[in-house]
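Dumping the structure here so I can ask a few things about it.
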Amino acid sequence: MAEEKIGVYICHCGTNIAGKVDVEEVTRWAAEQPNVAVAREYKYMCSDPGQDLIKQDIQEHGITRAVVAACSPTMHEPTFRKAAGDGGLNPYLLQMANIREHCSWVTIDGDAATEKAKRILGAQIHRLPLNLPLEPIEVPVNPNVMVVGGGIAGIEAALKLAATGKKVYLVERDPSIGGHMAMFDKTFPTLDCAACILTPKMSAAGKEPNIEMLAYSEVTQVDGYVGNFKVKVTKKARYVDIDKCTGCALCTEACVVRKVPNEFDQGLSKRAAAYIPFPQAVPLKATLDPTRCLTLTGKKCKQPCVAACGPAAIDFDQKDEEIELEVGAIIMATGFQLWDPTPETRYSYGKLDNVISSLEFERISNASGPTGGHIVCKNGEPPKSVAILHCVGSRDENYQEFCSRVCCMYSLKFAHLIKEHLPETEVYECYIDMRTYGKGYEEFYKRLMDEGVHFIRGRAAEVSDVGLTPNEEGHLVVKVEDTLLGVTRRLPVDMVVLSSGLAPRADAKSTAQIFGFGCSANGFYLERHPKLEPVSTVTDGIFIAGCCQYPKDIPDTVAQAGAAAAGALALVDNATVKVEPTISYIDPEKCSGCHICVGLCPHAAIQYNEEKGVAEVIEAACKGCGVCVAACGSGVPQQRGYLDEQIFAEIEGALAL
Amino acid sequence: MKYLYYPGCSAESTGKAYDISTRTVMEKLGVELAELDDWNCCGATSYFSTREIDSFAIAARNLSIAQQQGDDDLCVICNACYTTLAKTNRYMAESAHVYEQVNGALNAVGRSYDGTKPVRHIMDVLINDVGLEAIESKVTRRLTGLKVAPYYGCQYSRPIGSFDDTEDPQTMDRFFEALGADVLTDFPAKLKCCGGMMMLTNADVALRLCHEILKSAKDMGADVIVAACPLCEMNMEGYQPRVNSAFGTDYNIPVMYFTQLAGLALGADPKQLGLGMQAVSCAPVLAAIPA
Amino acid sequence: MPSGEKIKICQQCGTCTGSCPTSYLMDYGPREVIAAFRAGMIDKVVKSNTIWLCTSCYSCTVRCPANIKITDLMYELKRLAIKYDLLPKDSKNPAMTKYFIDNVSKYGRNHEVGLMAKFMLTKDWGMPFRFAGLGLKLFTAGRLPLAPKQIRGKEEIAKMSAYLDAQEAKAQ
Amino acid sequence: MSDQFEPRLIGFLCRWCSYNGADLAGTSRMKYPPNLVPIKTNCSGRVDPTHIFKAFAEGADGVLIAGCHPGDCHYINGNYRTAGRFPLMKKMLEQLGLEPGRVRLEWVSAAEGDKFARVVTEFTEEIRALGPLGWRTQTDVDPAQAGSAASDRVEEAVPA
């Protein structure tokens, strides 16, 4: 083997690295290391002139290996490997040494950081002579996309993709798409009617030939990899043949079970066991609730629904159906759930009538809701005073530590709706900080002040029905410190709205596991990079949009859905995609055919060849975990890019100093 | 079932009936109580105000004696004693400084303590060790129809909440349901402060707080308020006439230690429950329980 | 005070003051006490009536979204007030605290009758009259024993305190 | 700096969870001791006993293996293999006279920058308390020679 000539490139990253690590010293040290032909430092290696240094050295100094000591490889490894490739070097002969995230940013002492930087860099310098040229594996891309979740984010992403001619599978867990937005009355700050702007999109998605709608369905399994996902979807039995159902709702009227809490109305109204969730549902098809339908729960029923159904669509024998889809990209738009205020017992939610959640208020104020849009208390009377309590479950170490971003604004919207419906009603907003950060939001806040809403800076302490004075008797009493006055106030009101934060879906974690990515500490899906890749996940080919990533308002959700659609399109619009070649191989000369790796491979990528008596790696199926390498007693399987010798060399280099 | 028993100072005077009825109830349930030898005041809330470490030290003297005296858990009846003793364990675990200082003080009097003696509220013992089923099986006089307002008091579950919720405790509700009572489970004042020691120093404040509790009980139609703390009982019951004169009310609501009412359900003689000691008569309660 | 550094993350939401059963009488509510603490103006709150109105109900502590142990903070401030003799003139609580401790140091247990008697004689002349009706009832019911109970190890309490005094002196 | 013992630690981090967790600790500017040098593998399941022996033989005083939480593995169940293998590895090392505290397995997700910083801090302190291991056998290995010797083996191992 010829002597290798290693080029070392150390980045200052402005002061991000150089402010802590003595870059000159590391460069001087690196130049003395074996095989190192040239060691350079530069203010920003990732800039064009920085990258040019590498290219020039390859071409002019005959550099045969390169290492860039800079930020995390997650950030810029592709950048520098491409630069090496452009310079004529195989990209896999370039390594990165992470001296920013793993060193300068986390170390207090400058000398210690400089030492650590040398160790991290030394490990890579040591390994480089053993690196081998590799070629990325090029795989075909399935042009179809799956969108999971049919709220505004999923609908928007699906429509955008469908408009480019791609086939989209839109999977929705509930019987209809629409999500939370379909439940809202108005949207802040413009007060557009939510239904007026959403239902056209819902019906467009329903009619779009490129969208195959899989409502009342759930994803159960995801296999494969970027460009080539194999997805199992369970289409839950509706007990209604949707090809025959016309959505006439006669079954609903005929059904004898009439007291099922209506989920869409937050349980404030009742529905039948045969139901269509709401009049604008897409698809507009009936569903028989398997937990409530008498026939389906094994009880006696004369089945008036069957008699009522003209097209004979009702089918009690329908079964859940599992289908398999092949898609090149996936967009997750599974949304949020409202933080359930029950654990905040001091607010008496669920105990006292007229202490309601924000979603319940949305339904009460909605013209198509259970009260026909009349804002009324449980006794049917309009409230003369309403307190809206901010930050319920939010900004609290005991519950959710984060700010949910939208609650201040929706609370202001509620106040406006109350003032619009009931001008004489007093409205109190109890808030900690008023966060009105969006376009037109601060103006909306001012407008509400002008409308005479009482703003009390303080988080409500408790809600009770114990009146101590005649004017409190018969009312709910909110106890809150007005922190601007330094006075504790007791507000006698008729209705209390709890502005809960947005929470991750209860099953967000298990869903993320199915798809092979993770969740942030707060439970929302984890993006690949918080700033530059907010719609990507660590799994190539899987994108996220909307409130499943973090609480956000409708404009941000729609923008993110577009970004996710563009990300997916940029992938599936290509015939092929390059995947990492760091996969395993087995030398047939050395394999004893013991089978141990065959059973351990998580992706069934190792097969036993009976004829030759050896194990073989199916390259297309191998994802490169390296479990087989570690498992083999004789060290026969090896992983490209992570050969034992390469890892040994890294260890030696890391400990040489 | 055996426990070491810490009665607390009040049990020797104003809260005597709590001590007497506790012993009776536990005997009826077959629970053996061995009084802690030569116990001292737990320090209560006042001691925290001198030097924090003194309060832990004097509380730890009790715990150190308990550890010497036997392996059984230490059962406490007074809410404040319970919180003080449990808090001492907790802070000794949280802070090495507290641990060292406390042991230094104990060593000075030939004692030591490792911070691990389990401190149990009597209700914790009843619900989690004796068990509601066992208790229910021993009821001879069900409290059918008796409207019981369960008053927990501040330091029952606050601040630690080790055996019940800090905002919405339920154990006393469940306990009296097992005894057949008509428990006012939504009693809104169940955790409202009675004013504590402030009845002596800022009576206006404390009377007002008691007024709120009594009003709430009256509004709900309570036949009796049950308490788990001598100071709470004293404030709500002993000071009822003064509440009445201060607020122009006419409350006459019996307030009992929960062990007194439980004792009746378990068939104990009223005399064994210290029932003659109340300033507000309990006769209506006795009359209301079916024989 | 364990985890005292938490006051740095107080967002001044006022849940503590709003939850406090006696804050309406306080010169400064618990929220303002924390604000003053952070602003370096503790002397202002230590001298106020606030800390002596805390009933130790722990409502603020269990509700604080930042998990600040506010009740403990109040104890801490009471200690400071006693130590530097910054007691409000009209407040009776500091005296009660002191008598309570004297009582326990002397007998090992709190003798409630003695405590009340001493308190009434020195701090609240009107009290015996207001208390008379109840006192008589309690006395006849056997709930107010005249003789204090003394524990065998009563000198231990004083000794422990003396040890801790010495420790504190050493630390300073 | 004081002349206290500074342990030398190697940390094998899986690239999907723990490596990103370590990145997040950096992005969040959390501070932890500089003693651990990370080595990236695709999956914690790739780490085999020889890597750990090698680290100790080269002078490491402690070895950390960090991977995705159970159930979160990017490769379905690679981390279960790690978890299954770890006690055996530990036992082998114990038989060689090594204190069990010198190897540590942790699950650190990409969202747990704080946990990564805490684990490294704790681990550094624990190993500092245990003192130097001093297993390094060869004194002055010429890295160039070591490298070229190994590269011969690589060329041999890889099919053309």
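For reference, chains read A, B, C and D in written order, and residue numbers begin at 1 within each chain.
In the analysis below, contacts are C-beta pairs under 8 Å (C-beta built on N, C-alpha and C of every residue); 3 or more make two chains touch, one makes a residue touch a chain.
Note that this is a predicted model, so its numbers are computed, not measured.
Of the two chain pairs examined here, A-C and A-D, the one linked by more C-beta pairs in contact is A-D. The innermost chain, defined by the distance from its C-alpha mean to the mean of all protein C-alpha atoms, is A. Averaged C-alpha coordinates put the centre of subunit C at 53 Å from the centre of subunit D. Inter-chain centre distance (subunit A to subunit D, centres taken as mean C-alpha positions): 31 Å. Centre to centre, using the average C-alpha position, subunit A and subunit B are separated by 49 Å.
In subunit A, the residues touching two or more other chains are 346.
Counting only residues that touch two or more partner chains, subunit C has 63. For subunit B, residues touching at least two other chains, in rising order: 167. You'll find the chains touch as A-B, A-C, A-D, B-C. Residues 11-15, 17-20, 23-24, 28-29, 31-32, 63, 65-67 of subunit C touch subunit A in their complex.
Those residues of subunit A whose C-beta lies close enough to touch subunit D in the complex are 1, 33-35, 72-74, 98, 100-103, 105-109, 111-113, 115-116, 119-120, 123, 126, 129-130, 132, 512-513, 516, 518-521, 526, 530, 538-539, 582, 585, 587, 600, 602-603, 623-627, 629-631, 635, 638-639, 642-656. For subunit A in complex with subunit B, the residues that touch the partner chain are 344-346, 351, 464-466, 468. The touching residues of subunit C, when paired with subunit B in their complex, are 1-3, 21-22, 25, 52-53, 55-59, 61-63, 69, 71-72, 75-76, 78-79, 82, 91-93, 95-97, 100-101, 104, 108-113, 116, 119, 124, 127, 130, 133-134, 137-138, 141-145, 149, 151-154, 156-157, 159-164, 167-168.
In the complex of the two chains, the subunit B residues touching subunit C come out as 9-10, 12-17, 38-41, 43-54, 57-58, 61, 80, 83, 91, 94-95, 98, 101, 104-106, 108-109, 111, 154-155, 158-159, 161, 166-167, 191-193, 195-198, 200-203, 205, 209, 238-239, 241-242, 276-279.
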